[in-house]
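Below are two complexes that have chain A in common, paired first with chain B and then with chain C.
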Partner chain A sequence: MSTASVATLAGDRTGGRKAGAAFGDDRLWRWLTFSPALALMLLLSVLPLANLFVSSFQDITWAGGDSTRSFVGLSHYRALGSDALFRAGLVNTFIFAFCAVAGQMVLGLGLALLCSKVTRGRVLYRAIFILPILIPGIVIGAIWKLMLNYDFGLINQGLALLGVMQHDWLGSAETALLSVIVVDIWHWTPFCFLLFLAGIESLPQDIFEAAKVDGAKPWQEFRYITLPLMIPTIVVTFAFRLVLAFKVFDEVYLLTSGGPGTATEVVSFTLYQRFFTEDRIGYGSAMSVAVIFLVSLLLVIALSARRGLGRT
Partner chain B sequence: MRNLPGINRRHALAGMGAAAATAATWRPLWAQTVAPITIVINQSPWFDSFRRTVERYESETGNRVELDVNPFAGSLEKQRNSVRANEGQYDILIMNSGWFTEMYAGGFVAPITDIDPGFKLDPKVYTLGDTVYYNAEKKTVTADGKLMSVPVQPNIPMLYYRGDLYAEAGLEAPATFAELEENARRFHEPPQRYGIVQRGARGPHTVAYDFYPYLYGHGGGIFRDQSSGDYTVTLNSPEGREALEYYIRLAREAGHPKTAAMDQAEVVQSIVTGQAAHVMMVIAAWSQMDDPNKSAVVDKVEWAPPPSLPELPTAPGLGHWLAGVAHNVPDERKRAAVEFLRWFQTKEAQLTTAEAGGIPVHAAVYDEPIADEHRYRWMKPLAQALPHAVNIYQFPEASEVIAVLELGLNRAIAGEISAVESLNGMADEIHAIMDKHQYDTSQIEPL
Partner chain C sequence: MNGPVSRQGRIAPTHLVLVTAAAIVIAPVAWTVAAGFRTQISLLMGEFLFSPVWFNFAEVLFSKTSDFLLNYRNSLIVGIASTALCLAVATLAAWSLHRMRWPGWIVHVFLAWTLIFHMIPPVALASAWYAMARPVGLDNTFIGLILAHTTLNLPMALWLMSVFVRDVPRELEEAARMDGATTPILLRHVVLPIIAPGLAATAVLTFVFSWNEFAVALTLSMKQTATVPVAIAKFAQDFEIQYTQMAASAALSILPALLLLLVAQRYIVKGLTQGAVK
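Coming up: the complex of A and B.
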């Protein structure tokens, strides 16, 4: 940069400072420039949430083409506790989220470790592994509905070849949730794989070389170097996936509609039922607020855990 | 031909072509007498017949009709969004038996005779439990109310059975539940063929709808008397118990092993692939039975009214569709919508519907020679069953009750809880719903 241009810049900064002083030590100027972004954020996220929150204390009825809102206090929140469907949905959601995410983490990390060692055909391997994440949810529903079909599904046909009896994977209370978990693992493992692979590839190689010189075996390398260095990536991936798994809807809606009975009922599906199908806007809003609170709580716990592990 | 000054043959041909193209484009506009309208409708087995009937209306009148086609639940959601806006997007709402009262009571449907006082419902059109009328003062669906809609499909469940198997065995169509069970057991040869395939999955109005003929055919019911405002919950009566236990027994002993997960598409699939000896489902699926591209049992399926107890008449639940005019569209579009409905209810239009695979709403069509043709062999049994069809819900909060039934019945069919637990539990929940909405309700002694 030339001396002249440096001088110009310095002059600009001085001029800026003078102008800033006119606005009261930059504060007003900062607020003026920040306020459009703040207003947009308020409009797009805080306002809808506030509206949802207010609706959760109301009952909304329709007559003569117009709506009437009546204040009902905390009654919707109290009713959540006695809603058997919501309770079943919560339990299933926790089981689903923890089992599916655990499966995805183990498989994703395993695949990432294997792929990081591969030198030939890397692009091909990665393309194949990330394929499920690119498929739209509705197509995944169709694929697995066909695969798990009782009469002509590939899985039952394969079992028949082995002499094993057909099983109603989606219609049996014992296996329906497990089947949906397997589908979710198939769908989202590539997400974990991609994050883990990026993490592994960014690890400092000199530590591994030093370990090799010291005679470390592959398992020791993984246990004492890879895993500790990967902890931040693992925790962030886990938090992301847990929050997303907690919001599962499409797989349940397409494969089982929450059935049989309440075997695959999840909170998002209960919410859909109450808010949209039954048109209970007030109660559905209360349920939405409760779900948002739970997801936020999960995120806070996961991020606190990350900070704790980081200090360790 | 002598050329005009300045105009050669190419100019003349181009001019004629342009004139022809303009005429072709403008003809419908000249013929059009009313404003274009939009109809929101669901994708059902009978949709194609409706589309073809609409096409005939357009070609006969030059009027324009746009169809917005959606899945079952999606159609309801779009209707709610449209009628609750300041100005609606849809002029005609195709409403299911599960939600038409919500639209009437909410003031979302304009009475047809308010739009056109001269409009008369053809006396030969089925009024389907008087569900086309609504008395806003009494909040009842009774003939003393205003005309709110015109029926589009008089959909009720019918018994589909394999006529070829019955002929081989020398059997008559079953009229009672005992006969149905006996015949289902007789033809039950799993996994090649199931005696009966029933719908048991949870859905927007799935297992509950298929259970109604069993419940009402056993003399049971959900409420004591909705027409008189008595919403005493009677679902968990001994008759209700007998009906549900019968449904479950059929599924377990002569039915498909995955009944609890069966939806309508799978039930249709089971009969057209020859895997089911009987199914009880909406008559709207009839045209698929004889379609050689879809069916392995062409000409082999016959129809009968749903069975009942010997001393009771058949009692199929109405799962019909009604067309109402939205309250929040401009007057010219309301009038255009009424014009369409006026045309749609005629015998000629309904013949088109029947020929296109739909179910006519005009009684005279069932007396036409078409009803004697082999292809339309379902018409006579349907005409027998229609007068006995039961309107299950007369109140706007029906969707809440349906959700309770869907879960409770599915849990019982899946074996998660017993029939008695299911019925008592559902009765408690339905009573709570009716009480919350301040209906005159009570409960009978639990089972």
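Coming up: the complex of A and C.
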């Protein structure tokens, strides 16, 4: 279950309790087993993020492997407020994340419900649906760059057969973001499907049998039994996919590079440009800190939503 | 509504929808793989029927201007090394956190940090890592990239291994202790055999996510250490895109995933459904 790890994080209290007798080599091995992970996290996550935080108050220039830093106070953060690209990136990322994840939820749940009803072929369906999860994001970008190509893409070819005009899906501002959303739905619906199918399979079967005996119609069964039981899984999956959709980068990098104009500018891409195209490390750091703050905020909301549901 | 006829009547549309969904999943991949066997002209003309050619694959794999075999090797090195390292670190830590009586707050703070870390856009980390790697000469090295991928996948591996480690009966561990087993013996002969299937599931996912990772690989590697996704992204940035060669390299890049899907589907499902909030 997707909720398992979340439960590990939010609800597990067995770590320090239920102690057995103490053993001689315990203290040493306790540290030996934990310290590699602790060292890795301190060195490669806490330290670089602290570094990022410090850099966000500085102007940094690199010259021949050495950096010169000068303190600029809050000016980077002030500049963020009037950065049109950053604002466009935030808006697009929100639209993208919300629409894509909502689509994945609905389709994933629908397919999982259907799949749970069939006995023959369920394993085969599942095997097929896993495929997109395993494909690199950049390759998914490549696949859909071909599929959505104006001249020879399968989508426009199919539309031509139906007598519909060709359309420049990625090149026109009205459909570029929509196209990226559809690609993301194609990419991650299978994942939601898989989690929901596992969730449905783990529901107690006797309730469904009792409902059948009482003459419940399939729709009633879904409305009054499956859906209420699945709500916690649905909410948690939604919240966490939403937060993770904020990381979107690979597909956008390959499909549109943020264009046309700022139509598909997403925060990760804005960050990438500030850091690596424009070399504005201090300003990019401030932007990163702002994004990380936003993500943490979303995470807190997601976790408290989960806790609220856990009580009922 | 309960007769066998109406039941069949309901199942048939169900299969119709599922088959359609499966087709929507497969079609773009199949069409792209097919494009790898076309000539550029055949693709641009939009011919429906074409005679397959090996030219694109030969060009991608063996032409002097292409580094794809090198990229493939690099991805394998980084993927295998970071998976091994990540599994070792994550398994030990998961076991330690759940079985070695750490104070509750340490467990909570550490796990909460891994969750926050997992949510941070890799692009933000990439720049910070690059700034750290450059002064110590770890940019453009496998070690830098392996460490980066290990760290990126550590949260997921840790949560997954936590689930599996907690399935090990406590009584079994305590009995082994009573018989005088030291920690290494306990881990090797009691814990490891029980968590082996979970370890396999975690290994498959960790490898796949390392193989797929792009943003960090893009910034921490150069020509000699570039991985497969970095190479494929290059195609899209050429002034005149070699579509058929891009398709051929895309096809080659999903071979490991297809192989794993055939031989380890059980583990992939287990890993994805038991804790991966990827």
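One rule holds for everything that comes next: the second predicted complex is superposed on the first by the 263 of 312 C-alpha atoms of A that agree within 3 Å, B and C clash if a C-alpha of one lies under 4 Å from a C-alpha of the other, contacts with A are read in each partner's own complex, and residues count from 1 in each chain.
The rule is simple: contacts are C-beta pairs under 8 Å (C-beta built on N, C-alpha and C of every residue); 3 or more make two chains touch, one makes a residue touch a chain.
Bear in mind that the values here come from a model prediction, so they are computed numbers and not experimental data.
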> Regarding the shared-chain residue A:85, is it in contact with chain B (first), chain C (second), both, or neither?
Replying inline: first
> Touching A:139, do we find chain B (first), chain C (second), both, or neither?
Replying inline: second
>> With both complexes superposed on chain A, which partner does A:224 reach: first (chain B), second (chain C), both or neither?
In response: neither
>> Is A:63 touching anything from chain B or chain C once the two structures are fitted on A? First, second, both or neither.
In response: first
> Of the partners chain B and chain C, which touch A:276 in the superposed model: first, second, both, neither?
Replying inline: both
> Thinking of the overlay built on chain A, is A:151 touched by chain B (first), by chain C (second), by both, or by neither?
Replying inline: both
> Is chain A touched at more residues by chain B or by chain C?
Replying inline: C
> Touch check for A:261: first (chain B), second (chain C), both, or neither?
Replying inline: first
> Of all the chain A residues, which ones make contact with chain B and with chain C?
Replying inline: 65, 67, 151, 276
> In their complex, what parts of chain C are in touch with chain A?
Replying inline: 1-2, 10-11, 14-15, 17-18, 21-22, 24-29, 31-32, 35, 43-46, 88-90, 92-93, 95-98, 100-104, 106-108, 110-117, 119-129, 131-132, 134-135, 147-148, 150-151, 154, 158-160, 162-163, 166, 170, 174, 177, 182-184, 208, 211-215, 219, 228-229, 232-233, 235-236, 243, 246-247, 250, 253-254, 257-258, 260-261, 265, 268-269, 272-278
> In their complex, what parts of chain A are in touch with chain C?
Replying inline: 1-2, 4-6, 8-9, 12-21, 23, 25-26, 29-30, 32-34, 36-38, 40-41, 44-49, 51-52, 55, 65, 67, 111, 114-115, 117-118, 121, 125-139, 141-147, 149, 151-152, 154, 157, 186, 190-191, 194-195, 198, 212, 217-218, 240, 243-244, 246-247, 249-250, 253-254, 267-269, 271-272, 275-276, 281, 284-285, 288, 291-292, 295-296, 298-299
> Which of the residues in chain A end up touching chain B in this complex?
Replying inline: 62-67, 85, 150-151, 166, 168, 170-173, 176, 256-263, 273, 276-280
> Can you name the residues of chain B that touch chain A in the complex?
Replying inline: 73, 76-77, 80, 83-84, 102, 105-108, 191, 200-204, 257-262, 275, 327-328, 399-400, 403, 407, 410-411, 413-417
